[in-house]
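Comments concern the structure below.
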């Protein structure tokens, strides 16, 4: 059987990679993609635990996470498009209108 | 017994408030309507007090027509009104003087008419409230409320230095009433209630030492109001700067609140302290009589002169109260009413001249008697009443006070009697400089005599002056029992047969 | 034993793809690797006997989101390559932080360990999941549908090309 | 019946006062005034008749309780209810007084119809005169001291109004004020006396007092004190030493006023009061002697001043003071009836003299200074005749009323052993004769020293003035026979009539000595008249001028009325004003100073607190503010606006929390 530690480890790794992606990459689209990675990591962990505890709750949660991910991606892109039309660039550095 | 469904005392106290509301709703522009409304309300109020007179039975000495409603249960403060002979007379005086004052300010006041009459009615409410309240807290509330309208009356419609005078008046009285409040609270702690009748019934349950302190607190509060000599400097300023109607009420009623306070609270509730401090107050009263008379000799402003004469007259009242004999005390109460009538009229007299010449300096006038004979007659009657000419009201009061004081100490009577001589001095000198002599300035030539309205304001006062002078029996009968009751508490030795 | 092997395979694939997604210069390549990662995780789901989830993953994630990315990139015809001006040290620092975070979580998990098999064996079959989904999780289920509708409208409005006569 | 006596003048005063001034013609005003006093006189006569017929000597009429009862503690410690009734008392003394007041008053009213004919405020004058008569009658009829006090002050008020009648003249207004205030000082004594009696006896009713005193319920000390206090009041009203200074100035008023008030009625009020309380005064011996001495000294003292007066009315004023001194002398020696008798006769001839002087002044259209008169005998013969009768009466020439009343007093003085008083009286009589005839010789005899315009339309007074003068002259002659002494065959009817109300004081003197005394006093008077004649007629006033020249200082002192006026005004009036000024200064500076000082102090303290407030407190507050600002500007830089910084911050935060969880748990 698959040891639970492995599953959680894998999920966590993907999560970390996603997080690094978000922090490192300046390109907005790539950041969004890293975001998706994050969520996938979480799903893996959820699925693993679901199986480990032999209850369907894990996968139900994962399902909901996916729904959230979908909506987040949609809104993300809408913003990106709007932003792109406005600023002609994806570079997050330009994005500093909110300077304090 | 009630009018329009409202118990009579409450009606008396709050009817002017109804007047205020009506006037508030009248548009500011329609001055005639406002003036009319004000006069109607004060007139009806006076009518109501006459109605109260019919309900009042002079035989019993204790409180009548008592109205009792719980007010603040937590501290057992009640909305408690009652009337006995003393407060009946003072209420009658208040409503009469307010009616006359309102009538007299028909031409006198031109600017901000609405507020003027609103304050006047508020003043009347609070004054009558003071005289009818039996619950000490309620008494204190009305006592404070009186200050507010008077402050504005002086502050807005006054003379040049009106702000100084108004503030001085307000702070002085406030200082006094704060001390009084302390006294009331101490009494409350001793008697567990604010109800005056209960406190009096309970007798002197307060230890003598504490009584001394409470008496001192009350003394401060009332002495400033009377005013007694060291605390009197607010009076001339307040009078000089107040508008005519204001000073009529200030002299006619406000000064009586102090003396009323002494008689209603200090004497019955603190008998031992009253007996112990009586000589001190008598000396202060004598000083007031002589000092007031002397200072008024030197005044150049008519109102200031009359103000200082009030200090002297009120000195007589305090003397009458603190000699602790029934005759003197009754004389003192009657003298309160007389002083209200004569000084009120004198201020109206000055007001008439002020309206015509806009000055109160005696040097500005002279020889008016030829131009204004009726005015001269009224002024003469009031001057004679003020210096206590027999046949007029002043004499009865002074005679009873002096005859009451004599058994206690002939020296006191002698000093007080000099007050009469000095009184004749400064009043006649005033009358002579204003009315006799030659017509000094051309402006005086064109002075016209009293109009019918002005005469109407004087008529009731002149009639009362003669009535009390010749037949004071009804007035004295009313105050006979209550005063005797109070004196019996304070000075029982007076009534016992010689052992 | 085989499932373990399959699990390991898919796991490594997913991880590699993930790393490549964030490393790639060209966005198009990143998208492709993202698709690859998604499919790998679907495989993992299958090994964990969460078949329904895996199917959903492939359908929704793979079909939906990845395709969406592709469209967006094509529409926006993202030509210029955003120069990564940042120097290496800050980059390393930036990578170190998530790694640090990951390490901490691991130590935390290890310390607490996992609860022994749950007392209630509700079974992971698809039937039990469906029943539970539509019983105790009915509210979130409905809310999810509402959420999706809201996002649908929101995305359209935000992304729309502004016309002059538009009110806002 | 006697109740009506005061009622008529009151009605007359009211009618004239309220209606007369505006609506009545001069004739109507005159008619109402004279009518009122006339009716009152008739009522007085009727009342007298009633009294003579009625059995008991005293009639008391109580109208109403004036001041209701209240308990009073008397000296003996008794708690007695004391009430005051408004009541009248009519007895023989009151009868005499009412007759004098209304009778003489009537004649004076008739006279003043003519005298005041062309005065502008005619009605006001008569209103005051009627009011005065009413007040005097109240005084005379009062049953207790309080009611008497109403009349007492009422009379004072009317004299104030009448003296200051021509108020446009400052001198008149001042004289009025001076009169009222001096009277008021007297009333001060009266009130204290009343108070003492109330305290000692518990009553101030005259009958009560007389009964209590005769019953011995009073200590002599208190009796003397009360008597002296009341006497102080009497001196104020009757212008004796020390309160006489107002009478000479009172001459500013119209002449009929002087006649009525300062001759016949008001000034006699004091005498009446002492006579009314004769029981009290005779009970305390010292009080009596004080009265007698004051009377005697005043008589002589006033006479000296009359010597040097040049104003005709002032001479008569001092003569009045002197004559009232005689009355007090009579009372002082216990001969109350004699005192009152002199009061009556004095009322006749003194008002005659005043009115005659009035007609002289009227004739000379206002001239009052004797130096510009002289030789009027021929010009106004009838006035001269009545004037002469008056002068003879006052000098005590036998056959005229003055002789009988004055001798009665001198005889009683001698009989009761007051030789000093008798001596002074005799001297006074001589001096009176001297200055009266000095006046006559200066005004009526010798050459005319008239001012040019005065002489032109010099005319005899109209009959409306002369008739009353002649009636008074008749009374001045006949009046004396009412009290014809026994030694001259008379029944001393007057004394017996007054016995009922003033007690029996028959001075039993041997007939011979009494006649001797009469001869001595008549001789003295005649000598004085002869001396006056020689000085002023034969040598035309030469010796007077020489004498004045020699004794310049004495002359100046006497003519300046011993500087008493100046002394009074400086000591009393000046003292009071100085005290007033000091009190006023004290009031303004010290008390207001204190109050304003307190206000100033409060202002300074508040300024301090403001400084403290700005410096320290605000400082701290602002300090915090500044720190805050600096910190926030620092923090501001954190908000770089770069998205990834925020992401980093989030992650860092999470990391920190987890490390915290690990380390803690």
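Letters A, B, C and D mark the chains as written, and numbering starts fresh at 1 in each.
By definition in this document, a residue touches a chain if its C-beta (ideal position, glycine included) is under 8 Å from a C-beta of that chain, and two chains touch if they have at least 3 such contacts.
The structure presented is a predicted model; accordingly, all values stated were derived computationally and were not measured.
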Request  = Grab the C-alpha centre of each chain and report whichever is closest to the global C-alpha centre.
outcome  = B
Note = A count of C-beta pairs in contact puts on top the pair A-C
Ask   = How many Å are there between the centre of subunit A and the centre of subunit D, using C-alpha atoms for each centre?
value = 121
Request  = Provide the C-alpha centroid distance between subunit A and subunit C, rounded to the nearest whole angstrom.
outcome  = 5
Query = Between subunit A and subunit B, what's the gap in Å when you average each chain's C-alpha atoms?
reply = 90
Key: Chain centre separation in whole Å, for subunit D relative to subunit B (CA means)   = 33
Request  = Would you pick out the residues of subunit A that each touch at least 2 other chains?
outcome  = 19, 23, 26, 93
Query = Using the touch rule from the top of the page, what residues of subunit B touch 2 or more other chains?
reply = none
Ask   = Residue numbers in subunit D touching 2 or more other chains?
value = 644, 648, 651
Message = For this structure, enumerate the chain pairs that meet the touch criterion.
response = A-C, A-D, B-D, C-D
Query = In their shared complex, at which residues does subunit A touch subunit D?
reply = 19, 22-23, 26, 92-93, 95-100
Key: Residues on subunit B engaged by subunit D in the complex (per definition of touch)   = 168, 230, 232-233, 291, 294-299, 325-327, 330, 367, 369-370, 373, 384, 389-391, 395-396, 399-400, 402-407, 410, 413-414, 417-418, 420-422, 424-425, 428-429, 432, 435-438, 471-473, 476-477, 480, 484, 494-498
Note = In the complex, subunit C touches subunit A at residues 3-4, 7-8, 11, 14-15, 18-19, 21-22, 24, 27, 30-31, 34, 37-38, 41, 44-45, 47-50, 52-53, 56-57, 60-61, 64-65, 68-69, 72-73, 75-76, 78, 80, 82, 84-86, 91, 94-95, 97-99, 101-102, 105-106, 109, 114-115, 117-118, 120-125, 128-129, 132-133, 137, 140, 144, 147-148, 150-152, 154-159, 161
Ask   = Within the complex, which stretch of subunit C touches subunit D?
value = 94, 97-98, 100-101, 104-105, 107-108, 111
Subunit A-touching residues of subunit D, taken from the complex the two chains share = 635-644, 647-648, 651
